[in-house]
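Here the chain labels run A, B and C in written order, and each chain numbers its own residues starting at 1.
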């Protein structure tokens, strides 16, 4: 068979794509009208489960650009068992993450020893003013609703899937 | 009076003589052209100062550093786990591959070996990073030469790979997934099957590029014999990766020194091309993407069960010492020279990034070419500005 | 019928009407092809949808773009030659408008019916070179200068194959008049078979091919777009232009593409006319002469047929369809191929296209004498 000139072949490739788009639709989505679902692990925004946080500052210290601001104070919580002594706990006063600085590296979520931070795949929180990207603890707490359950693993994995506290 | 006439005559003769000289050896003035730092062909902020004679390049001088972000210095004040977030951003198209040599160097210093499953996952993601990186080159080379469509196909099909990287690591561009002693997490259920589908898309893309670009006569006319790098000169300039393999040098660290990665477990081939011109560099990269698809597919089939993390102390302190680890990254050889003095942070990190060495040949290569060929050559050398400037 | 209506108006009235129609003939097809091909077809080619927000299916995108351009600041570089810099886009546009006046859209629907129409068209099409050189030189930018010089070299090199490709048509039609060429194609026949007429694409396919390539080069579309090569010269001679003046260049570029497509359809595809078998089938369309055969008997091949006035209405539609088909090829090629290098382009023109078109002329001449 004689070789088809590359110029002709190239034209058929682009024409093939043209007909594909016409018959089967485009590969792109029309963003504000339709949205792609990000994968469950996607690092979209960090959600804070406030009850678990002990203001231990680990996340704030491990963050590579130190964009987590934490303040807390010690208080006495009611005893766990009746008749026990009141416990001394750290109460969060302030927990801010500055998303203008955040690198979305996930270190804070990983180092938190008390399972207080979670990733949510939510991504639509851009702001016209950069200062508004500082999310305080109420805002971070609201993201908790959007945190999906952890996925099961591929066969052969030894790690156990964690649970999201709700 | 006669004096004046004489002088006029003399002046006239002198002018005639000057004209004649000009006509004999047409003295044309050179022109300096700044390509960049804001120029569509420099993939970012490279600046190349070119001395032109007509459209011929007399001298070319790359000016780097517009994107210098000081990662080597920053790494000195970051703990070891934090450094990976920085080095992610060196070659931003195949980010995962940047983390691996650094982590391997740290592991070497701490004398830890990652469990097999972690090594396999690392290798899989490493190759996915290569695919994500080089597919973009395959399309972008078309754009640099004036064909607009290929780059859209590249972005479209690269998306499938990025989706898989995101599904496994959580980050599209900056996975930050590699940890000292293993990887951060195991693969989610269904990932292997999805990845195989994504690889099919990439293979289809490679076939398309074969028809659209490699087979195109205009492309061949533009790239064949343009920017020929002889093997010895390329080696002496420190070229690596597909750039040197396109000159016929059979040198691939994945096969020759697969430190910490499991390339010896799969059946694959190092591609070379004897010509050393821009066409060869494109062709070799195209074959490498195909080969990478094959590697990932085999690795996915043979993924061993087991843990993904070795025993690592919670607070990572690296004992005193020095280590240099290099791997075959998408752009060429990338190495980290890590010096530790026993603290939480590295004392000094030297990053050998592939693109920096790869464009150092540009002044030699560009001399005597024409402006359109400058673009072809720069595009085919394939550098990423983050990788050049760090 | 329409001709008689037209005759009732005064000269100045018809002149104004023609002026308006010239704007329509330039701008409407330009807008249409930009939307159809530059926005939509190329997007589809690249598996995306293109502009979708402005108007239904993005159809008003062009209006939005024009509005955006019109309100932008008119920047003139400080070291530019301001007058020449400002005038350059208009020179390019003038060439476009001069081109359109010779294109016939129907038996009477023509702005000016010159006896040497095609000759004039080819001549005025090179005026745009002057505009481009002006733009390149006056911008005081190295990229613009390189782009302008490249454009000049390229446009001149491709003028020649284009002219030579047309010569074959002229020999076959026996006239330089555009209407005459259309008539020759409608009433002609190939070896005694006249149902299709005689569109010159069938016998002059070499010329057609060369003409298309030369048009692609004249319009500086990929693979011949070095003058604007965006990866080398930013946008060549247009680099320093912004706002409204850029818009003028833009209109000039795409309107000229259409007009060249119009010219090609007149020269090779039978122009505003339809093949005779359709004319015969539809009542009222047949040429109003006593017997088609008598008209065909002429030795020159040009019959003195007078066409149904309905063609003044059908003609523009027919022309638009043919133009769309041809511009589709232009943009399809444009968005598929990489570009040539300068010297390759020149040697392609001088060593390949021109010899082939010369041979084509010789063969056409010989065959014309033989048959």
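Throughout what follows, a residue touches a chain if its C-beta (ideal position, glycine included) is under 8 Å from a C-beta of that chain, and two chains touch if they have at least 3 such contacts.
Given the structure is predicted, the values throughout are model-derived calculations rather than measurements.
By number of C-beta pairs in contact, A-B leads over the other of A-B and A-C. Nearest to the overall CA centre, using the mean of each chain's CA atoms, is chain B.
Ranking every chain by how far its Cα centroid lies from the centroid of chain C, the top place goes to A. Chain B and chain C have CA centres that are 44 Å apart. Mean C-alpha position of chain A lies 30 Å from that of chain B.
With each centre defined as the average position of its C-alpha atoms, the distance from chain A to chain C rounds to 56 Å.
With touch defined as above, residues shared between interfaces to two or more other chains in chain C number as follows: 45-48, 335-337.
Taken residue by residue, chain A touches two or more other chains at 7, 10, 13-14, 17, 27, whereas all remaining positions touch fewer.
Multi-chain contact residues of chain B (touching two or more other chains) are listed as 149, 153, 156, 212-213, 216, 218-219. Across the interface of their complex, chain B is touched by residues 5-7, 9-10, 12-14, 17, 27, 38-43, 62, 64, 103-107, 110, 119, 151-159 of chain A. Partner chain C is touched in their complex by these residues of chain B: 31, 33, 39-41, 55, 142-149, 152-153, 156, 212-213, 216, 218-219, 221-222, 370-375, 379.
Looking at the complex, you find that chain C touches chain B at residues 42, 45-48, 142-143, 146, 222-223, 225-226, 229-234, 335-344.
Every residue of chain A that touches chain C in the complex is listed here, in rising order: 7, 10-11, 13-15, 17-18, 20-22, 26-28, 30. Against chain A, in their complex, chain C makes its touches with residues 41, 43-49, 52, 332-333, 335-337.
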